[in-house]
Amino acid sequence: MLELHNVEVTYSDVILALKGVSLSLREGQCVALLGGNGAGKSTILKAISGTLKSEDGKVSAGAITLEGTPIHNLEASEVVRRGLIHVMEGRRVLRHMTAEQNLIVGGHMVPDRAELKRRLDHVYTLMPRLANLKSRTAGFMSGGEQQLLLIGRAMMARPKIIAIDEPSLGLAPLMIHDVYEVLSRLKEEGTTFFLVEQNSAAGLGLADYAYVLENGRVVLDGRADKLAQNEDVKEFYLGVTASGERKSYRDVKHYRRRKRWLG
Amino acid sequence: MDPSGIFATSYRADRRLVRTRWQALSLILFIAVLLAAPYLVGPRIVAILNIMYISAVVAVGLQICTGYAGQINLGQAAFMGVGAYTAAILAEKTGLSFLLTIPIAGFAAAVFGFLFGLTAARIKGFYLALTTIAAQFIFHFAVLNLPSSWLGGSNGVTVPPATLFGLRIVSEGAQYYLMLFVAAIMVAGAFGIVRSRFGRAFVAVRDDDVAAGIMGINVAATKANAFLIGAFYAGVGGGLWAYLIRFVGVDQFTLFNSVFFIAMIIVGGMGSIVGALIGVFVIRVIQEIIATVGPNIAESVTFLGGDIVFAGMNVILGGVIALFMILEPKGLMHRWTILKSSYRIWPFPY
Amino acid sequence: MIYVINDIITGALIGLLYALVAMGFVVIYRASKVFNFAQGELVILGGFIVWYTTFELGLDLWLAITLSLLLSALAGYLIERIFLTKLIGESVFSMVMVTVGLLILLRGIVLLLFGPAVRPFPVIFPLKPLFLGEMLIPMNLLIGGLITIVAAVGLSWFFNRTRAGLRMTAVAEDHVVASSMGISVKGSIAFAWVLGAVLSTVGAMIFLSGKSLTFLASEIGFAALPVALFAGLESIGGLILAGVIVGVAQSLATNYLDPLVGGALGTVVPYLIMLGILLVRPTGLFGWRTIERV
Amino acid sequence: QEETRYNVALLSDFSGPYADIMPILAAGREKVIDWWNATRGAQLGVTLNYKNYETRYDAAQVASLWPGIKSELEPIAVIGLGGPDVAALSERLPEDKIPMFMATAAYGYAWKPDSWIFNPRPTYSHESAGFLYWLRQKRGGDGPIKAAIMASEASPAYVDMAKGLEKYAEEHPDEIELVEVIYTEVQPTDLTAQMRRVARSGADALIIQTNTSIVVAAKRGLQANGADVPIMMSSHNGLPASGKALGGLEQLEGDYEAYGMAIAADEDTPPRQFYQTLSDSYGLKAPWNVVTAMGISQGLFAVTVIEHAIEANGPEGLTGEKVREALFAEPITTEETHGFLPTLSFTPEAPFPLKGLQVNVGSVRDGKIVVEATGAAIPNVEKW
Amino acid sequence: MTAARKERQAPPLAVRSATLRFGGVTALDDVSIEVREDELLAIIGPNGAGKTSFLNVTAGFYRPQQGCVELIGQDVTGLRVDQIARRGLARTFQGTHLFGGLTVVENILIGRHTLMRSNVVQAFFHYGPVMREETEHREAVEEIVDFLEIEAIRNRQVGTLGYGLRKRVDLGRALAQEPSILLLDEPMAGMNSEEKEDLARFILDVREARKIPVVLVEHDMGVVMDLADRIVVLDFGRVIAEGTPAEIQRDPAVIKAYLG
């Protein structure tokens, strides 16, 4: 339902961050996006959701279509109305509002109050930690708490597609587990996911299909379970050695082999 | 940024302002033209340049305070007024040379600015910007209500001409060199300040004052310093103004003037000394064109009536400023930077 | 003594007028995070529209008032369309700065459209004051005060209790976040400017009723500014309290201190109060506290 | 006869705070020069060219314009408008040796010897003192007359008006008792409280020489209090302007305007006749009111001085310096200015005549502006 | 002699029974943690446990209601953040707090702000000594740039960098302060395992080269268990366990609250 055709993105008219990226996302699927720092993952999400403009960036070539209609020239709020929500990186909560107000704003398109209430309860049951923080001012919550709130806020809108940037960022192990539980519940309920994730083990666990991004280009893609077996992905994203066991961070040599895909 | 192929070979070279031979040459040429200006252009242009130099000093100060340190300041005209009054009264009462009165004017304004800067330790953002308007009101009130033997009250102060080795600096030409000399020093100094640890501390405080504090920067002091330096520039500009007009009164330093200084740095581009200079140039030129062309239009298109033409000119001035802000919200300097960097990488976009 | 009480009452009412003008600032800020420097210019624009519909078009007063409110709403909308829409997505700072340009521009436009002459302003509220024993209370200020209170209560309910208000609050927090949640930043800002312009026109009617109008009237914008900051830029309800305090202080200063000083202490007093309060509470009485987290 | 041409620079404010009165003020002074060229100038073989410069009532603009004006026009005289012109040029003109002629009353702050800027009228404080002096005589009796004055700190000139009268009242307690000095904004919010003070102080007159908006607000304040204290206005905020802003001259019944210049009354006076000439034969498009009168009187003041200079030096080689000398050499008679101004005798001691000062008083009777008094003497006001 | 000894014996950082409350929320509840010389101390705990709050208290950003903070034996409670920074404490941030308008090199140079000496007047005239000082410190910065392998982006504006690179610059800036103790708040967040390895190497190298203690707050258990000499576990603002990685991994309370 979401397609990127040869998308190029430039920032400030000079920095070319995406150099022709094509991907596609089918309904009900979860697609994961892996890649090193600065590879362009967040840029892809921004391009899709129309928030590029606020950083002086633009889609300078190619097209992004949602259910067949091009969306790369739309305003961010319009894209949301078509059913795609982007959970941005950087823990951008509405800082002066309480956690609950954040959630209500997240569900601002819900027509009636009863439904809004239902959705709030739904979020609170899935993430009981948030229920305890209800009346806390969002700006004062801890990093992880804010991250949870963002996910809850996206859920409030019940979008068709959630494009989510590093959901596990800053979450404690137990919490990552819980969040992925929630995400897979949503997936079962039919939500489509576009997932950027550095915690590749978790990400690939949820994903059906994955792309590896390097330097603004897609360098590798495939079914998630296949990719999880790929030697390079194992080493560089999952952190396991060829022999299958995790190596210690203490043993990292001072000079080490780096993998750069050609592209 | 340099064009491809030119690389600095030492850190010293890397921080140089003038980096290529071409740049050096054009700078020398530029300075030569400025020095020769009174012989090249008519007195009207020289007079415009005089006012531009003064505005440049004031605007560069505002740029340091607002563009670099992020402390929006709507009291710059008042700070300028403090400088102008200081220079005027010193010159009138003590007969000190401008070589002393102008720096003292700067210091007096700096003290006044510093007092407002101290509030920046607590008040932030728009709140701070708007409290600086109070500087404007307090300055105005103080001048008019302090005993008139101090600041002349509503009478204003008449300033004797600046003299150097017994020569009176009264003609446009002579004044031109005074203004150019002071403005050049101040602008060069501004480059020095913003490239130093102070300039970086200013930007740090602007971008993230929490992190700045944790880097060991005393945030409150840095903000107050930004005001101090900005006001120092305003004060020096005010001192020059006193010697140019040779009469100072409170109504020469209004909130509206402050707004125009802000407009200058916005049009030129926030956070760039050159941007401030560009802004001064652009806005003053527009103003002068309007003042010059206006009467001609009014004369030739008589049926319009003079008032319409001139009101229209105000619309144009406001419109141009608004247009600049809409089309290039980051200022002309930003556009130039982008042009430069695309020229640097042309024809390879990556 | 009775006169002191009368001065206090009049001062409070003038303060409420300031509060109404300040409400223009706050509404725009509250729905878009844009501080509008051209607020005073919006007041004179509204004033001239009223003058135009009553004196130039010669309409019946009520019709003229209605039409003026509609026209100023339109003006607010147009301003947003022309000047701010293009900047959505840019930093808020750029938008604020464009209002600086707007200030200069609107002055010119008002001059161009309506001319520089001092214009009579229609008598919208009865000129006869209300007599309370020996006290007298100007009618325009009294009715204006009531309007201010009603508007403040209504708008603060709107912003704090309704979902539309919450949406605008989100825009005021962060344009990018709001739009990424499907909130139309454009819509919110447009609404803010329409409301701001209408409030300014109402302010102009109260301020100028039965008096005269020139573009110097825009200074009320800066007179009202301390009230907005005193209350806190996000607080609509707080304007009432702030307005009353500033108004009373100013009135007492003008009537009892000015003659002693031999100067216009009354005009600086609001600024001094504002400075004082901000040093104690940096975001006004009820403004959002600055959140600093690392 | 070969004709000689000289230039005069006109400083104007079409887009600043005085833009409202500028068009007619400008028309008045321009048409006077046209008239002079066609009549007196033609006889003397001299033509005066003029050019308007937009100063926006801003000293910076004046300062940047001036050197250009000087070199472009080489004017023998400047016809100025207001405070910023004075501020920006008071120290320049003596260097450049070009005199400037103003239309308005003078200011205390410009009251200095050896000036190059001249006002045909004394200071605003002289004018108000003269008015109060006249009012006291009209009232009769010995006691001082009680007056209140409105001022504003918006402009130093407005403060100056109050300061001068304050000083005079202080030194002449038997003549004037200044019961209230009220400072307000240029567009006051509400003056009811202040006007109650004025009414209760038993003031015989309220002096407002600042601007029209303050007159209107004060009037409303007085009306609210049911008080009837006559207001005295000056020329730039006079009866017609204030009446218009109030929605009708009848609202100002019994109020005054007073200044050292002809009153633009409805009666058929010599100034009125001269105005008619300008309208009929020189295309003057301006109503008969005080602003037009101010423009015309300024024009007449300037051309008469120039005329004197030509008469003394011949048509050739006229300079600004000679124009200034002519001003001191010979009085400008009231006939020469068609009754717009009293006879003016300048001395280098002050920028306005110190002797033989007079003020005219106009008032509203039955909805019409009438001349109450002409040539009322102004008492001897000391410098403050 | 005894004073000097005492000085040496005093731990680089000690927080003694600190309690920090925000209204009804108790972020730290009688927390005492001592950092020993040359050690890498990890602090872990569930979200909202108070880890960041602990760092904030030590850095002087929050003032605890009770308890005190000692830096090398000196009580620094109540000092301003910049005063504490000048005494040798450096930290990185959980979110990034970089100076977006400056380039990478300039950001790192700010770390050296307090080590520089020139005054405003010298800066204004920008003659010899200022130039010398600037180049000197630039050299130090370039070393850090090399060390963190961010040469390629040294002249990029930091505002235009991705999250991961920013974290590196953040670390660089803290290193530039030449601190005597380094606090890192989730430095590995948002990195893939390759990048985590790089960063782990940097952290180990810093410790080796500069011999300074490091306090590490991190959620990645792999990293924590491998790198830490000692671990403190916080939950609801309280220390619930303390020990070597092996001990912590076995601690049932920790497993229940955190590891799962």
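We just call them A, B, C, D and E in the order they show up, numbering each chain from 1.
Assume a contact is a pair of C-beta atoms (placed from the backbone, for glycine too) under 8 Å apart; a residue touches a chain by one contact, two chains touch by 3 or more.
Fair warning: this is a prediction, and the values are worked out from it, not measured in the lab.
Enquirer: According to the touch definition, list the chains common to the neighbour sets of chain B and chain E.
Expert: A, C
Enquirer: Just give me the whole-number Å value for how far the CA centre of chain A lies from that of chain C.
Expert: Here the centre of chain C sits 43 Å away from the centre of chain A.
Enquirer: Could you grab the centroid distance between chain C and chain D? Build each centroid from C-alpha atoms only and quote it in angstrom.
Expert: Between these chains, centre-to-centre, one finds 37 Å.
Enquirer: Averaged over CA atoms, how far is the centre of chain D from the centre of chain E? Could you give it in whole Å?
Expert: Centre separation, chain D to chain E: 73 Å.
Enquirer: I'd like to verify one number: the distance from the centre of chain A to the centre of chain E, where each centre is the average of its C-alpha atoms, in whole angstrom.
Expert: It comes to 28 Å between the two C-alpha centres.
Enquirer: Which chain D residues touch at least two other chains?
Expert: Correct list: 15, 19, 22, 153.
Enquirer: In chain C, which residues are in touch with two or more of the other chains?
Expert: 90, 108, 111, 115-116, 262-264, 267, 294 - these are the residues of chain C that touch more than one other chain.
Enquirer: Chain E: which residues touch two or more other chains?
Expert: 52, 61, 93-95, 97
Enquirer: Going by the touch rule stated at the top, which chains touch which?
Expert: Chains touch in the following pairs: A-B, A-C, A-E, B-C, B-D, B-E, C-D, C-E.
Enquirer: State the interface residues of chain B toward chain E in the complex, per the touch definition above.
Expert: 1, 10-12, 14-15, 188-189, 191-193, 195-201, 203-204, 206-208, 210-219, 225, 229, 271
Enquirer: Please output the residues of chain B touching chain D within their complex, sorted ascending.
Expert: For this pair, the touching residues of chain B are 42-48, 50-51, 140-141, 144-145, 152-156, 158-159, 161, 170-172, 244-247, 249-252, 287-288, 290-291, 294-295, 298-299, 305-307, 309-311, 313-314.
Enquirer: If we count contacts the way the header does, which residues on chain C are in touch with chain A in the complex?
Expert: Residues 88-90, 163, 166-167, 169-170, 173-186, 234, 288-289, 291, 293 of chain C touch chain A in their complex.
Enquirer: In their shared complex, at which residues does chain E touch chain C?
Expert: The contact residues of chain E facing chain C are 52, 56, 61, 93-95, 97.
Enquirer: Would you mind writing out the residues of chain E in touch with chain A in their complex?
Expert: Within the complex, chain E contacts chain A at residues 22, 25, 44-49, 52-53, 94-95, 160-165, 168, 186, 189-197, 200-201, 204-205, 219, 221-223, 226-227, 258-260.
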